[in-house]
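These are the structures in question, set out in turn.
Shared chain: chain A. Partners: chain B in the first complex, chain C in the second.
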Partner chain A sequence: MKLAQRKVGSNIVLEVLENRLGADKAVAFKDAVGRHLAAGPVSLVLDLSKVEFIDSSGLGAILSILKRMPKGCELILCGTTDPVTSMFKLTRLDRVFTMKKTVDEAVSALSL
Partner chain B sequence: MKAMILAAGKGTRVRPITHVLPKPMIPLVRKPVMEFLVEHLKAHGIKQIMVNTSHLAPVIEEYFRDGDRFGVQMAYSFEGDLIGGQIEGKAIGSAGGMKKIQDFSGFFDETFVVLCGDALVDVDFAEVLRFHRERKSIATLVLRDVPPDEVSKYGVVQTDASGRIVRFQEKPTRDQAVSSTINTGIYVFEPEIFQYIPSGVEFDIGGQLLPEMVRNGQSIYGVTLPFAWLDIGSVPDYWEATSLLLRGKVAGFTMPGNELRPGVHCGINVQIAWDRVHIEGPVYIGSSTSVGDGATIIGPTVIGSGCVIQPGAELRECILADYTRISSVAALEQKLIFGSKCIDPSGRYLDIEESQIRWLVDDARNKEELSESELLLFEEVKNLPVS
Partner chain C sequence: MTPVPTPWKRLAFEIESRLEAVPLLGQVACLLCTTAGFTPIEGSQVEVCVVEAVNNAIQHAYQGDSEHSVELEVTLLPGQLIFDVWDSGTPADAARMNADHRGALEIQSDCVNDIPEGGRGLPIIQEVMDSFEYTPGTERNRFRMIKRHPLLLLPAQELNPQTGLAL
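Then we have the complex of A and B:
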């Protein structure tokens, strides 16, 4: 599971460097993101711009990350490609997550 | 009078729909586009219809059979082979398809009409034939003016004052195009044209036959007249055509079923509690479909027969094939559900199995259990506070 990490202030931007977020990657993905949360309360921006395919397992993994977010911390998704956006809309998860077009938009939404 | 419907195309630009249905069988609000053509030919007294078939030939042949049900006589010229029990199409082009029939029986022994099976047209054949005979033409094309930015999809023609065609261009760029008048693929021919089509080879009308005739000094005419022309050559075209029909923008088209609420037409045996659903027309709901309480359906939308719209489901501008189940947690906007694919108007699609979204959209008859991750997510999403 490849993730690129960078700190912006006290928050973390994680870029998913995988083309597909499917059943075979879901657990590893959840664990990898979870390690960033274990260190202490932090808000996350999840950059999904490289992900061209997501299935129910992948959506489930992102949803479980949302549920693990510490109190007062935010999870913002950004850069979703058309097929991924489509999946979020179909499941109405677009109404549950905060979703932004770009990393910059996501980061500035966090600092507000 | 006789006609030929060209139905042997593969329909690559309408994939993935054409993995299961040949283009002429794609339904426009319930009725295959080719059925509109057969009805229209019959209305003009054209009752002997040959159809060349190839890709998914049996779907067409088993639907129309000998044409009796439609008040016409129909027969097929199959282009391909049966290999290991499987039909393999081997189309030989529009002109090649006509020539094969002519070589077989000399069927085209008088003036005849040729139509593409993948566009709904209501052209006045009486008018076209009058034009054709007045000019003693052996080949007359029905033309149409399109917006300049659409010319690159079509064969462009230039005519002189008498309607004689002086120039052809196959799919030119907007800048290269000599006019914005295009060939609609509707022709009136005399049997003399067959001397310009070689036997046993792939040959195209627009790209080969017509230029060959011009090279041999034959006059070809084009007539421009107003008529409805709904091309379903690509997924976006299909989307547009369905929307125009539903919004009542196509003269002569009547919605199927009964209008049970303003703008909402239904087949028979529909299960619905009108006071517990939110529906905004134009919407068609197919027979034996159930719509659960709290469902939202916004038109233009077509729901097939035997569908199950579960309580609370949301549909906006969708086309659902027969036997589609939409789950209570799904929100579909501008989706075409067909052959286990969830298709965008652009033609991009998700495979329902591959994306593991059977818990959202499925075949209503599929009783197979959901996978663990699907069940899990379904339960989660069901209990989410949705804003």
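Then we have the complex of A and C:
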């Protein structure tokens, strides 16, 4: 699972460098993001701009990450492509997650 | 010119029962959809449905064993594309598979921890496809999904017989 991390203040921006988040990648994805969260309580921006496909396993993995966020920390998604956005809407999960268009918007939302 | 492919009627593709191979079938389904006149978003949603059905076959019928095969058969009929996913594994509970899954995608709680992480595959299929049906068999199990499209209803005289495209 390829992720690129950069720190913004005390928060982390994680860019998913895979173009598909399906059942074959879901567990590795959860584990990889979990390792970044294990270092301490941080809020997380998940940049999905390179992901062109997501299925129910991928959505479940992101939901799992949301559930594992430390108390007081946020998870914001950003950069979702049209196919991925459509799946969030189809499954109503767009109502569960905070979703922003860009990384900058997401980071700004974190700092509010 | 609106693409309406009619020269072919049925295509079949087979993969090993490995999750890593599933994207191939999904991408084939998406390509066929967009070639047939569906929008890219419709094509990507059908791709998700095919992937969900194939994942089900691998994870449940074969319980993750990669020594088997899964076949995707796509049939073009007037006004509709039919996607049949075949496996020869342990049959699933047909009543559960064919149940009405509408409403399962609704978020029932304000508490994130109460929202299930799984169980969205069949509800997604029901939401995207016009119909679906699981038929267990003694040798093979079939999961059939049908997607209708008005452009595919064009009568043959409105199509170029060489290219299959609308005149």
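The rule is short, and it goes like this: the second predicted complex is superposed on the first by the 112 of 112 C-alpha atoms of A that agree within 3 Å, B and C clash if a C-alpha of one lies under 4 Å from a C-alpha of the other, contacts with A are read in each partner's own complex, and residues count from 1 in each chain.
Criterion: contacts are C-beta pairs under 8 Å (C-beta built on N, C-alpha and C of every residue); 3 or more make two chains touch, one makes a residue touch a chain.
Just so we're clear, the structure is a prediction, and the values are computed from it rather than from any experiment.
**Student:** Clash or fit: chain B against chain C, after overlaying the two structures on chain A?
**Tutor:** clash
**Student:** Would you sort A:Asp24 into first (chain B), second (chain C), both or neither based on which partner it touches?
**Tutor:** In the superposition, A:Asp24 contacts chain C only.
**Student:** Quick one: classify A:Lys89 as touching chain B (first), chain C (second), both or neither.
**Tutor:** first
**Student:** By residue count, which of the two partners contacts chain A more extensively, chain B or chain C?
**Tutor:** Counting contacted residues of chain A, the larger count belongs to C.
**Student:** Under the stated touch criterion, which partner chain does A:Ser57 make contact with: chain B (first), chain C (second), both, or neither?
**Tutor:** both
**Student:** Going by the overlay, flag which of 22-30, 166-174 or 220-228 in chain B ends up clashing with chain C.
**Tutor:** Residues of chain B that clash with chain C lie in 22-30.
**Student:** Where on chain A do chain B and chain C both make contact?
**Tutor:** Comparing the two interfaces on chain A, one with chain B and one with chain C, the shared residues are 23, 53-57, 59-60, 63, 82-83, 86-87, 90-93, 95-96.
**Student:** Along chain A, where are the residues that touch chain C in the complex?
**Tutor:** By the definition above, chain A touches chain C via 20, 22-24, 52-57, 59-61, 63-64, 66-67, 82-83, 86-87, 90-93, 95-96.
**Student:** Name, in rising order, each residue of chain B that touches chain A in their complex.
**Tutor:** Listed in rising order, the residues of chain B that touch chain A are 314, 329-333, 335, 342, 344, 348, 350, 354-357, 359-361, 371, 373-374, 376-377, 380-381, 384-387.
**Student:** Within their complex, state which residues of chain A touch chain B.
**Tutor:** Residues 23, 26, 53-57, 59-60, 63, 82-83, 86-87, 89-93, 95-96.
**Student:** Quick check: in the complex, which residue numbers of chain C touch chain A?
**Tutor:** Those residues of chain C that touch chain A are 18-20, 22-23, 26, 40-41, 44-45, 47-48, 51-52, 55, 59, 105-107, 112-113, 115, 117-121, 123-124, 127-128.
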